[in-house]
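Chain naming follows the written order as A, B, C and D, and within any one chain the residues start at number 1.
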């Protein structure tokens, strides 16, 4: 290779080396490292905004010129109009508050109970072995399928929505906290015991702080699940809530209202998601000082 | 030999990185001239830019100034010219040892059959027979390093760069691997550039040791090791060896920043 | 300096009498140690070397009281060991500093667990950390420190509970060789000065020779004592040289070669 | 019980025999307790409603499951057989998650290839991922009709998770492995084919596990609203006419279906991971 690439005969001695088992036959083409050109931030932001504006503009134009059926798809101007009505004379705040409360209660209840349950598996291998198949069974059932049943038992009020949201978040938290317990390095426990620690001390000073990152990591997933639980609960039977608004508008073919309710719901979802992400980063800082 | 250019010539290479806090000088002009078939070591404290030099020679990093010449031809910024073994073995867990070893040839477009044939005979000769079809996860640290080294050798370049290949091994395995490497080097006659933390290892293996300093990275001194070859373990007991070792350690301690130091 | 023979008149600090240890699993039983006996005098520094998996670390777990022998007896100060004791400090291979605690909080962990007076413990830990050159890092987090510094914190944590016996399980294995030599020097010096009895388990023959007064070689699994070697260096002041100078002492190579042969090192494969 | 064969047992030390015995006792204890818990739950479920301590209207009885299942097996003019319901749910789930895997991986690879595109789409992906997809069930029904809307929901619910998970899997490949391939002169396509894709197989399988569950949820929720076919429909229908035995039977079958899917993926995982 060297010989072919360069006019200098650089290395006669090497090529004649008798012990060399592999001889160079292929000439290697010269490659350079592929260079990636990153767009500047302004170009990225402009494109991002452009996509949004483009979609809205096209949609409006297509609906006005009857390229798409405005009855089925509605159009941005009609949605804007409905949005104003929804907030001024409609039930916007009642619905938002209902959905928000179901979600938060379910989230808190499910996460707290689930994490404690998961951590408790550290205490006894037998106890964990006994309870585990039930937890896995609960994991494998799509909990949302139980929603009609839960609504039946808990009634059509706030309680049933909280129950659905709790059912969804509880199992995830349990399994995640248990995963943390299983990831404990036995040497860490060894160190504690070599210092003469009791089981309770190991739990408090090692197991809980060690598993906290796991418990925290599941918060963002859980807020989404709790919201889904609340919405599906409202689909099945409810008098309030954004989920009910979407369902009701769909059934009456008020597509603009469906869009409005979906939009408001998505905004709520993103705000809650962002809040939990912020909480998460705060907790992460807190637990590691 | 005098008229021919060195196998590898690192010509006044500088490297500065832009960071949030300003400009960081990783390397001030570094020049290395390495004749064909030499075994050359770089030693120095962490952060002295050893890995930066390697990345530049391998073409993975463009130097701020200076050139890399291979056989007298400008090879700055071209990849696939030298065999580069990184610090970790980086064996791909989804490939058998054999298929890991031929990765370089495969990327260069050598037909699989031919590549496997070439690799098989080498694996058998250099202590990996019986391991060809196993997956890396079943191998010990020493075996993994052997596979990684053979992968580098089979890439079939005249120059190979070894970045602390034995750093993660336990003391005994490390000694065995050094013997094994010496064997390979004398069989293949490659030009080797070797980075290590271990002064004794550097002297024991090399024809020439470059001691590096830090902040910014530079070469403090180049020391020719005139000890006779083949070397044996007892070479390290000779007064010459000890003298060189002490000299190196003195250079390193003089240049090292006062401990302790936050990472 | 100390009587290294087992028939000494004084009670040995640590004694193992015909210790057997088997690990049980569903796949079968593994014999880690067979009929192992030795004793260690107060203030002695002993190294234990052997191939990987020969039961070196198991020995330390036995002495610390975390494991119980299947047969035989482990004694500290002539008394049977039956559980972790405050007399024994254990330094593991990994530094095992907890990320959610500051350096100082990590160092006082032992005192905290043992319910000692925290104000004094904190003072003591501060003194130790300052002595080891970590005075300005008391409130840093472990991940802000380099490997060598982390090991020094682990040492401070071990010594903070004032153990009489210090067990070192390959404490430098994860460090690069320059840091390793420097830290070995420091640790040996500290342990000697404070008159601790120390047991070092290591892979590294050089480390064993340069740090200890006696080297015990374990055979392959099941581990048993294969041989013992007293390490002595002739020095002008009659004191032991520090590990760094021990490495270049004329006796070093003789010991090295003898132990190298003992370990029956073969090329793997 | 144990894998220790008789030959090793014969030579086993008394302590080991003791240990094995204790271990065996523990295992038996665990199994017995598990069964006992199950039995107690079933008995409570059977007895409490019968004794009118809890309202049987809400709970049905475990003894009703099997008769109800047999009853539902035969199709009537108003009601399809329970087998058709099950099949419909399974087909929609598989279509949805298979489509999500293929589409998601392709999109993730494109984003890996073209980093600026990723930066542009990143906020949209995050928003789409945070949105409760189930809220779209009514609109999907209007746009896509009864059957397609269920497939659509099944795809929509798992697509964005797939893209984000696989993309972050691509990102988490050890950069040194990429560097290694580059030092051999590899092109971007070679890096994708030889390092990034095979290295992401564990991520792909993890995604598959998440998706199977998600798609099933999407299908069931879709069926609540729209279909006259599917297990979700059966659950909703049963609860509306207060026939709890239908609901319980359908939920049980759903649990079996989802366990089978989970086991199938775990088996696939074991097969793939055996080579690592």
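Everything that follows uses one rule, which is that a residue touches a chain if its C-beta (ideal position, glycine included) is under 8 Å from a C-beta of that chain, and two chains touch if they have at least 3 such contacts.
This is a predicted model, so every value here is computed, not measured.
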Top-ranked pair of chains - ranking by C-beta pairs in contact: A-D
Per-chain CA centroid nearest to the all-protein CA mean: A
Inter-chain centre distance, subunit A versus subunit C - centres from mean C-alpha coordinates, in Å: 47
Where subunit B and subunit C are represented by their mean Cα positions, the distance between them in whole Å: 34
Gap in Å, rounded to a whole number, between the CA centres of subunit B and subunit A: 44
Set of subunit B residues in contact with two or more other chains: 59-60, 79-81, 108
Touching two or more other chains - residues of subunit A: 28-29, 31, 33
Category of the chain touch graph - line, ring, star, complete, other: complete
Parts of subunit D lying in touch with subunit A, wherever the complex brings them together: 26, 29-30, 33-34, 37, 58, 115-116, 119-120, 123-124, 127, 130-139, 141-143, 182, 185, 187-188, 213, 216-217, 220-221, 224-225, 231-232, 235-236, 238-240, 242, 244, 247, 250-251, 254-255, 258-259, 262
Contact set on subunit D toward subunit C in their complex: 2-4, 8, 12-13, 15-16, 19-20, 23
Subunit D-touching residues of subunit B, taken from the complex the two chains share: 58-60, 79-84, 86-88, 90, 92-95, 103-104, 106-108, 135, 137, 155
Of subunit B, residues touching subunit A in the complex: 4-5, 7, 36-37, 59-60, 70-73, 77-81, 108, 110, 118, 121-122, 125, 154, 156-158, 186-189
Subunit D - residues contacting subunit B, complex: 174, 176-177, 179-186, 190, 194-195, 198-199, 201, 275-276
